[in-house]
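Here come two complexes built around subunit A, the first alongside subunit B, the second alongside subunit C.
Up next is the complex of A and B:
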């Protein structure tokens, strides 16, 4: 089988670096190293950090074994090992062993208390992977370096980053307008946020203009000094800061190209993509930038209405005005401002990747370009379709192109899957169904929350998806091509796509009941309005009743849905504090008993054991037994009863 | 203890919470055993990643935390007691829970897990309802009964309603789908969609070869396997036992 082998890099094109082709390996390594370390010695200015508020200190209890167990449970056995060739599969039995686990926990605790990261964990190997869909692969920039680290060190990194994720969201250091790299903040959230702004803007007769910008070589050019200052601002204590300074110093790197490996290079900038820290550290790096931007916008003499949204290295400037001239001015000045801030922190914006787009519902709307010549950029011309975070937006937001793109993609996947089985041989129908549900449905429905809400035009999109599901059902059951759709869908056990969308959408709405209070979506909802947060111009609460009634937006649906929910959530309750959870300390004193199997013999043995345990608690004065049971009535109400047995007496 | 609009899982957790609290309040105890018929609920207490049950978990976890932190020898045991075990003391509780009545007035607000479940049920119901009267499922769609003599309704859990029965092999699945939808290589179908092609059965007894004829009368197939009722399993037996039924001549 050819397709399971390691994929080789394209060999036809020579890599050009500074106008010279790389003819030998040495030149190639130098080209790679210098382009992935181009941010080395870039000057930075940290003076604006003074204006950022210092966050509350984070307390950092010692690590517990359970955290490591949780971390390793999420690791894939198939992921590539680091220079020592130890995979997660090898590490797993060690972590399950109690003695080994204690040693690992001790090492991790020592790392933090001493503020030291062992050299063995710093060794890294950089694998060069081509970025997809490039027209030409003749510069190092068309490739992405993925860092492979030793798994042992990576496990400790994972535990630490898990804690950082929790604490930084809990103490409010991260900015709500910054999505990505943080748990519970997804691309869909960014999409829904934008969708609401646009629809609400239309309500108030404003069109929405956006500029998307991109940061060149984002991860490899993060500056370590600046990062340490950010970490201090985030409220980490001295030990952890010392740990991170040590973590970043004296790092070495080897590059691998197909089967060739380079000598060691020392690196002094950047966070490797592949380290467990890279998402959270990049988020920490961006926070002061966004906070400063917002502050500067506010402090300007002339008022500028512009909003910023950032998804790791994909940024977005939003302006919502009635006239195009005004919004162009606002976008230009905010673009200029963010450019200056990025230059200060050692990041370079890639001007030719910036895009402008105007959303409007008007007939024959103007589509002005934006001239960035005066600040060193090109003239930005709006395209008919704008692609951002994998969504395809058009000006009227009907998402026909988006759905068409994903449906076509999935139909071609289905065609390819026909190799795996047909109506006579190959995979069994149940396996085909599983394949469809796991590999196709999530892809084809990506971003459906953006166009599937009450009052949105969905007919054409759903028809397109139905066609796709019809094909899938034909493949699963092996029926005739003209077979009736609903019949074969039911036989294949697939819900009609419109009902399936409803189900997923409902689940998605409920998810917003559990998001942290500082989440961007919360700043738009009217019910869980966070008092400290700056109110956005187009929140649900800011609309009049009449406008609210007319408004169509996903946020409106979410808000209506959440009003019916009783539960209030607190994702940062101390019970969920990593290191202080119930399982972290008492897992050996909470014991579960259940019979070995449901065979009669086993049940009998188990029953006598249960009797024995019960009698034991009744004999001693210090034991208590609780017998509980719950039942549900057809009306939807549930009843539960508990008997508490103590000294052979029962109380309800 | 009565509550409304929550799921059994949450009710179970709630009652464990009440039990634990009253034990903690009243006396010095060192060992608690909890006997329950859903171990799933108790296991949720120790896992922190279930967002939906958070509300029910927090108070219990706090109490257990307090209890276990008080003394190094304190411990809590959860015993699984399935209804099948018929353990007398648990059976008593079970009986009582079933006989007691819930509140009559339903609150407007629901718990998160309840609304999640409720919505799925509603959607499934609307699918089953629309499927029953639908024209688009095929005019000749055959409804079967399951082993309990109930008409099979569509579902999506665990492979749907039909696939687990007919998914034994690709060939059976294909031919059975053909039978159910009526889109099968038989005379009836040729007559409907290709009027110029021959429609009689190869056995020569009937002019139009129908599904009924193949199942009940045709002498080309094993008569011993003729389905006696409209239960799906007897039809599957027929299809499995006659590998040449409902397929093209060359297949």
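Up next is the complex of A and C:
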């Protein structure tokens, strides 16, 4: 078996483009270019942008070195280099060197003030990567073009996108109902949001119907003119707008297929997947669409109750009604509406990928189809299982199929891992345990927050996971097949799966204490309620006490947990403003000391280092040492303490 | 060079089209077995437009014709179709260096015949130079044909430039870049030209550093990217002692 083999593209099948096979390279490049650049010259309409509120102007102080240090710290050393062969590994020492860092910061600042992005940073190479699990690879759509850029340009892009992420969430431009491409928003959030709506709907005897839709070739068809208008609406100042207009102009693309490289093609639409801007820019592009949709729904004479949720190019329309007829009508009209808006901005919806699904608890419930013929779509028939964002939903929300899918996947991974060693040779049990905990547990527990909460039916799911962990424990310890699960789990050092879930769930709840006020989950919670936000029909606060008592939903658990937390967090406080933080201004005066590992030897070295550093600060009259520590008592309450030392005295 | 069987062009058990790339172009080889009904000839005739850049077409065509077989005194009706196909592919019938029958019969009634043909482009240096080797046909009734085909004279580059992880070259590469960046003047960047000048200086530094410090490597099947010197030392130690602990 070859571990590091390069993935070659399929050779037997030729790519078909417009019904003709591409037999030579020239035809192949043309096929690729015309399908990834298909949105070229697509007409767009920008009139509805007038209805979107202009956001507050964004304060843009000059870049500081610390921002670059933070950005490069998150970069993977294994990622592919751009055309100039420089990887993050090579750039790291450059950024650590103070003189070089200042020069890089100078260039970045000049780019923003002049509003110019040099062509050297635009030089890019598009690598064609097959999308996984396709039955046939004979169309260009089965592949994903990934753009490789020069690392230096990418670093500056990262710093800028970091600021955009902060500011656009802080000034409220981004809509709470879009969950992709934005920091602090995850698929789990989208899942929990949907779960709560369904469970709360059941409390009020409403069933939930959803339509999932997909946008064809999302990233390559984003229109630059429309994007510039969106950026202006988001409150970016003239210099930065000029920078982005320049950033998108004069783009060219080179395609790479196996070892062959094409000539340059000029591109006029789209954002390269691989550039640091692609998540945030796609989110900015979607914001006015969702805002307009919500506004149009509100302005209709007849009221339509429909909710929208979007995760990058996967959208979801939700309707919660008592009768299926009503929800079908609502879904149809909202689908039609969103279709029109997408066509206006040059995006194409793939009708044949749209799916409909009804959630209900009733016995023998009806399962009506939805006819989209009149707007050019097919008739949507609900399937028994619906896959969305990697979650497998069934109609009663017991997640048996979801857990079964992931548990089976992990059992087959475990079977494959058996080749790495047995009880005689190969990996040691410690290493096997590490492998299990890092490579299998996170996969098998994906999305457990959706089905693991108080009052949910979890017995069958946990039994399935237990079976999986039993197999893993057998592999780690090399024990006999009939050994009792609890015993070998203890020997292998694994926590029983239900306790593990409980632990993870508790930590997950705490995360919601730090989310921004405009987060979608916050709009459902009864505390932390943002006054300006439109109240959802099924928030916790909207339920009666009796319904609340009966309700089973992850949001209820989160709300109970958050009620016990007294500390307040504000992620958009001005001291977190990138470029204006304390570390940005005084990065050379602040030194952090933290231990490398918790082994005794390292700790000893660390403490002697700390002593030296402490004495040094106390000798000089300007030095200050801040010592902090935190601990959790056995009773469960956590405490933290900090001392400020100056001239060998505690000053605070 | 990667060979692939192109089933998408013609999917038939009697016709194999194999194509390969030589750096720039895609070229293909066509192998034909035409049965007594000449179905392969018909299929080729119908689909000839899909195929391009053929360097050689060869196989058992099962056509007896006076053009290539001196023992036969008639023209076959299929010869015209075959010649049309060859014309479309820009190929011509090649004659072997040692003329002779390519199919030997095992009974006394029939005579040996020429059925296996080679079509090539007359500009190809291998044209008219194929050899029949009846001595090595063994129990087969067909004679093997030996063709030497010159594929466009071009060097297929299977070497690439690389920089080994944690090597001295890599350190020198990084040091060169750092030195180059330190020499850049970024104090007064007022307009596009200033920025462009700076960025060009940076990219040329990188390019120079890359060309001086990268090493040329051949791509082989056995490239192990994760293997480093530490691993070699470890495996040597293990081979010497045979101890699992090592």
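Please note the rule applied: the second predicted complex is superposed on the first by the 589 of 652 C-alpha atoms of A that agree within 3 Å, B and C clash if a C-alpha of one lies under 4 Å from a C-alpha of the other, contacts with A are read in each partner's own complex, and residues count from 1 in each chain.
As a working rule, contacts are C-beta pairs under 8 Å (C-beta built on N, C-alpha and C of every residue); 3 or more make two chains touch, one makes a residue touch a chain.
As the structure is a prediction and not an experimental result, all values here were calculated from the model.
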Which superposed partner A:487 touches (first subunit B, second subunit C, both, neither): first
Contacts of A:603 with subunit B and subunit C, given as first, second, both or neither: first
Greater residue coverage of subunit A in the superposed arrangement, subunit B or subunit C: B
Contacts of A:24 with subunit B and subunit C, given as first, second, both or neither: second
Partner chain in contact with A:478 - subunit B first, subunit C second, else both or neither: first
Partner chain in contact with A:507 - subunit B first, subunit C second, else both or neither: first
Contacts of A:114 with subunit B and subunit C, given as first, second, both or neither: second
Which of subunit B and subunit C A:425 touches, first, second, both or neither: both
Residues on subunit A lying within both footprints (that of subunit B and that of subunit C): 425
Touching residues on subunit A, where the partner in the complex is subunit C: 3-4, 8, 11-14, 21, 23-25, 84-86, 89-90, 93-94, 97, 99-100, 102-104, 106-107, 109-111, 114, 116, 118-121, 138, 150, 152, 258, 260, 425
Interface residues, subunit A side, partner subunit B - complex: 421-426, 428-430, 433, 476-480, 482-488, 490-496, 499, 502-503, 506-507, 510-511, 513-514, 564-571, 573, 575-576, 581-583, 585-587, 589-595, 598, 603, 606-607, 610-611, 613-614, 617, 620, 622-633, 635-646, 651
Subunit B to subunit A touching residues, read off their complex: 1-12, 14-16, 18-20, 22-23, 27-39, 42-43, 45-48, 51-52, 54-55, 57-58, 61-62, 64-65, 68-69, 74-82, 84-85, 87, 89-90, 92-94, 96-98, 100-103, 106-112, 114-116, 118-120, 123-124, 126-127, 131, 134, 136-138, 141, 154-156, 159-164, 166-171, 173-174, 177-178, 180-181, 183-184, 193, 251
Residues of subunit C that touch subunit A when the two form their complex: 2, 4-9, 19, 21, 24-26, 50-53, 161, 163, 165, 170, 173-174, 177-178, 181-182, 184, 186-187, 189-192, 194-196, 198-200, 202-203, 206-207, 210, 214, 223-226, 244
